[in-house]
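Shared between the two complexes below is subunit A, which has subunit B as its partner in the first and subunit C in the second.
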Partner chain A sequence: MAQIKLDIFRYDEAVDAVPHRDTVEVDVPVTTTVLDALETAKAEVDGSISFRRSCRSAICGSCSMNINGVTGLACKTPCKSVMNDQGVIQIDPMPNFQPMKDLVVHMDPFWDKYTRLKPYLQPADRDEDHETERRVSPADMKKLVDAANCVMCATCYALCPVVSVDPSFAGPAAIAYAYRFIEDVRDGKKKERLAQINEDYLWLCAHCYACSYCPKHVDPHDRIVDVKRATIQEGVMMNHPGPRHALVVNKTIKNTGMLAETEVILGTVGRFNFRGLLKIGPQGLRMAIKGKMPPPFLKPIPKADEVRTIFESLEVPT
Partner chain B sequence: MIKHDVVVIGGGLAGMRAAVEAAERGADVAIVSKMHPVRSHSGAAQGGINAALGNTAEDTPANHAFDTAKGSDYLGDQDAIEAMCDDAPRQIIWLEHRGCIFSRLPDGRLAQRPFGGAGSPRTCYSADVTGLVILHTLWEQLERFNVKVYEEYFCTALCTEDSVGAGVVAYNMRNGQLELITAKATIFATGGCGRMYAKTTNGYASTADGLGIAFRGGVPIMDMEFVQFHPTSLKENGVLLSEAARGEGAHLLNSLGERFMFKYAPEKGELASRDVVSRAGWTEIMQGRGVDGCVLLDLRHLGREKILERLPQIRELALDATGKDAIDTPIPILPGMHYTMGGIETDKFGATRIPGIYAAGEAACVSVHGANRLGGNSLLETIVFGARAAKHACEYIKESGDVRPSERTLKAEQERIDGWLSKNEGIRAPQLRSQMNKTMSENVFIFRNEKELTKAVDDLLEIRKAFDRDVYVMDKSKTFNTDLVHAMEVDFLIDAAMCVANGALARKESRGAQARTDYPERDDEKWMVHTLAWRQDGQNPRLDYSRKVTITKWAPTVRSY
Partner chain C sequence: MSSTLLPEEQATDSHRHSKSSEMRRYGFFPGCVAKESCKELFNSTMLLADKLGIELIELTAASCCGASVVNDTNRDIARVLNARTYAQAEALGLDDVITICSTCTGHMRAANKELLESDERMNQANSILGKFGAKYEGSVMVRHLLWLLIDDIGLDKLSSMVVRPLNGLRVAPFYGCHIIRPEKVNGWESARNPHSLEDVITAIGGEPVDYAGKTRCCGFHIQLEKDGVATSMVGQNMRIAKDRGAEAVITPCPLCHLALDAYQQDAAARWGRTDLPTFHLPQLVALALGVPAEKLGLNKHLIDPRTILVERELIA
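This part shows the complex of A and B:
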């Protein structure tokens, strides 16, 4: 048994103008999870401490919260892995959500992101009275399994810096869920889904890898990359800046071994998109005045052909 | 005031399947749930769902029904069992066509694995997250049909007018308001009640809510003494390690390194039914052949690849809780409370004795599981009987007139809650929950006897009285007051525990999960009857044995594995 001091964010949206913190001490073994320590604190010390929880085995996704500043499932976090020398653990609600009470947050914006995706199978053939299952190869099914392990705990959504600055971004979890349908051979709406997720600011993802920390190993970041790749492979929304940017970056590095910035800008905005070019014109001018305008044409690096070979060996046939 | 034709209480598999069925039939349906549907404990089901598809070996629904009847130790109603097993293949195909991610055979058909007590491999699965993928598929269908979900509404009471169901009272957890919800048909799908025990595979939310509500509303509760103890739960936290482990070939070992199951079940060994395996494991531990109060689940010979492909979740759960990696170490396990065979009494259509009130899933007792449930049949029951209850509710509402619940129940519920909130001293519900957990775990466990059961009955009556007299809620907030919700849950749990203990004491025989050391034999002369429990305020339930077991094809015979 050890004395664990839970330093908890306290707030009630109905009565409190500002939050405060309480420290609650509990006697539990250090192997106890943060969730069970909270449960003990609530049962034995202060019944008003509020948090969501259900399964306590990392499958329901209820108990995502900030533990020492890092979002994760409280039921999967042993106290000994997060307490400091004084036995203190700081517990806060998930960021990127509006707090409701203590560690409970308003989840609705997160669920709305799913609803927008039409998160249900839309087979080409809508007749649902079948005698037998559809045949799907184990390999095709396996592609969905990683994404299917998602428990919608919102850890990735809370950790996403893009969501924090632009709440219209679909967020990692919803994109991973979209991937589950995009890659499902039984679904008949692949292109429509890709178009929709592109509209939902797929390309805002900054590839910071924050969402690679996933309690269920869904790896939403990799799923975002998969969806981007599928967008290009299917040729969806190719006149939009996102796919164009990806392609032109790819092209200039493949050809020159370097990022040809001028070309990337022109390629992303569109060479004949005069309005778009006019919009970035003043910035280009300021860069030129400060001597920061990259050269319009780049001389390839020595042995650029080796870079090209690497690219070609990695290219997925479309 | 909220008003719908059909209201489903609970958003797990049974509840969502019912709601989707009602939506497909064009009914005005809503779900009332204390959690978002994807948080439901159905998602924790790991191993699979049974259907006699015969994809990997010859199989028929009749074989499935026989295994289920035998597994139930002949207490299951065979008409309901046959209905379930006949409908099983159709329901699995239904799920598959709605996108459920099942594991596949090389030719693309659904894979099936062996499970305990089954004559052939008939358990469809998705690695070891079968409950989760079905839960998601059904939630997706709710989204598709735009079914209204009253999320984080805790249902507190049933409203009846002239002995007909008229709706429920529910507590909106977000703002602390009690609301009257009018419904021509109400379907309870609130899951089990594992939290009456200290160690359980169930989540914190499995608290007998629907059971307690229906019981108070005048519906009898059936066969509650039959509590399933799962043979392989983790000692540290009670978390489940799926029967799929043994289905895939894992061994159970005692401290001598011996595969002890063949002493108890010479034919099936580790794949005997759960009551048999749990008793065997516990006997080994009691006779001194345990390891730190456990026996060992050995997966090592399955190999890394198979474990990572088919059992990744249980490997991680064991790793998190014990620090032991099942790939190279046997995992210490012991029997833990897992499932309630009993529940709200229904007929084979999911209807209770009160018109307009239905129940489905673990909350219900149809009874298809009788005295012992087979692995893979619980998910099946939720899907089959969720759909059936909704189908019959939809037919019922066509003929039933409009209902107008009076404010009477709403007022009574407000008084009950205000009473707890206005008090500042007394006993808090978690204290009484601990007392209940203690007596249930010590006195109503795998092996039972009159002395211990009497102790449990007496303890629980005291706990019931203490609750009614002294309970108070510490949190006075109107916002997300889980202290209050937990008190209501404990209130219901105590009722359910009283049904378990009283039923177990009165049933003087051993059958399925009820093993009486003082009555070690099954007694078909006297006990081919269901236990019906009726609520009596502040007293032990009144037991009644008027409902006989329905036998269609399989007369009781000696049950061995």
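This part shows the complex of A and C:
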């Protein structure tokens, strides 16, 4: 047994103007989970400490919180792995959410993003017109299993740096879960789903891999990339900056071997999008004054034809 | 500093050349940005290599690593482009490929991992490389200059080479995502609590600033996607660094550098003025090792780093 000091964020939106912190000491084995330590604190010391929990086995996804500044499931985090030399563990509500009471946050924005992407099957025809059950081969199902393992704990959403500055981004979990339906052979709304997810800023994913700490190993980033590829293959929303950017980068590499910065900027914003170009103008000017403009035209790398061969051998015909 | 070898490195270690101290030739992959808008990074890397007594042999026919964007459309192309680069390194007898960009590091290592873990993918790559007479044997290891400084030069040696210590300049490290995450691809140090940049800052006489933004994203990859998002990500991180007492920032990634250097001004409306000058990793190390400041391209930065260097009496 050890003395563990839980340094807990305390706040009740109904009565408190500002949050404060309480330190609660509990006597538990160091191998106990942070969730069990919190349960002990609530049962033995202060019954008013509020947090969400249910299964205690990383299946329900309820107990995601910030533990020493790192978001994760309290039921999957042993105290031993996070307490400092003095036995202190700092516990805060998930970032990127509005706190409600102590470690409980308002989850509504997170659920709204799921709902917008219609997280249920929408087959092309009615069940009664179908002679047999809708079958999915093991190979087709295998593609969906990882994404379907999501327990909606919102850990990835709390970790996402894009969400933290712009809540209009759908966030990793919702996009990964949309993938689960986009790639389901029984679903008939692929294009509509892709269009919606593009509206919800699919291409705002910054490739930062903060969501790679998924407690259920869904790896939302890789699913986001899958959805981007599907968008391009299906030719959805091709006039948006995201797909334009992807295509112009590929084009410059195919032609020169290099990512030609000037052409990529013009191609992404749109060569004839005068308002867009005007917006990035001041930045470009500041860089030009410092002699930091990329060259307008790039000399291809030696043996650039080899690069073209690679592209031509592997491009999927559209 | 202990480093963890990835399975790919353990697997290939036995038939790699020994990395003994007398062998100091490296394949060098500068990446597109160091050849285009951040030429000062390329130049300061070469000047630093001179000081360190190592030879960086540029892979001049190498293509872009794919920069995460090729992967967005076609994973196979991104992988085979890098296989071509590795084949070029092998043909020159170089199995150590050094990068100076976090995004290059992450994507090249990911491609290499995929190739080394699957015969099917390696065969696919070689069947295409074969069309122009190239072949990748699988002996290449991709590492960032930052790791070379620590693993091959060593912090003690680096420290002993310093002729112009930074006088306790308070420098905030900014890692850039792809040099640390995902851990299964990089894994050279903890992605949640890395300290290689801090160790280098200390070795050259600076004082590292600990702040929550150091492992966060600069937003570079989405700068043209929606107004203000990348700007705000920069502002948020630089605000935290400034509030923790940083006087300057150091980054191993030119994409982070472009974002941090260019967007602080526009972020001021939401996050307040920060104006933290940002150094490329080799610029600040080269400065401490005695490379004249005027050779490091410091005049190319939008937020002039020379002001703080003059204040700290590091340059005249």
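FYI, the second predicted complex is superposed on the first by the 283 of 318 C-alpha atoms of A that agree within 3 Å, B and C clash if a C-alpha of one lies under 4 Å from a C-alpha of the other, contacts with A are read in each partner's own complex, and residues count from 1 in each chain.
The criterion applied here is as follows: contacts are C-beta pairs under 8 Å (C-beta built on N, C-alpha and C of every residue); 3 or more make two chains touch, one makes a residue touch a chain.
Source: prediction; values computed, not measured.
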| item | value |
| --- | --- |
| Subunit B versus subunit C as contact partner of A:P241, first or second or both or neither | second |
| Contacts of A:F272 with subunit B and subunit C, given as first, second, both or neither | neither |
| Contacts of A:M258 with subunit B and subunit C, given as first, second, both or neither | second |
| Contacts of A:F297 with subunit B and subunit C, given as first, second, both or neither | neither |
| Residues of subunit B that touch subunit A when the two form their complex | 35-36, 38-41, 43-44, 92-94, 96-99, 101-110, 126-127, 129, 131-133, 136, 140-141, 143-144, 174-175, 203-205, 236-237, 239-240, 313, 316-317, 320, 428, 430, 433-434, 473-483 |
| Subunit C-touching residues of subunit A, taken from the complex the two chains share | 69-70, 161-162, 164-166, 169, 201, 203-210, 212, 221, 225, 228-229, 232, 241-242, 245-247, 249-250, 253, 257-261, 265, 268-269, 279-280, 283, 286-287, 290-295, 298, 301-307, 309-311, 313-316 |
| Subunit C residues within the subunit A interface of the complex | 32-33, 35-38, 60-64, 66-77, 80-81, 84, 128, 131-132, 134, 177-178, 181-184, 192, 212, 216-217, 219-222, 224-230, 232-233, 236, 262, 265-266, 299-302 |
| Residue ranges of subunit A touching subunit B (in the complex, touch as defined) | 12-15, 31, 33, 36, 39, 42-44, 46-48, 50-62, 76, 78, 100-101, 104, 107, 111, 114-115, 118-121, 123, 128, 130-138, 141, 144-145, 148-149, 151-152, 180-181, 184, 186-187 |
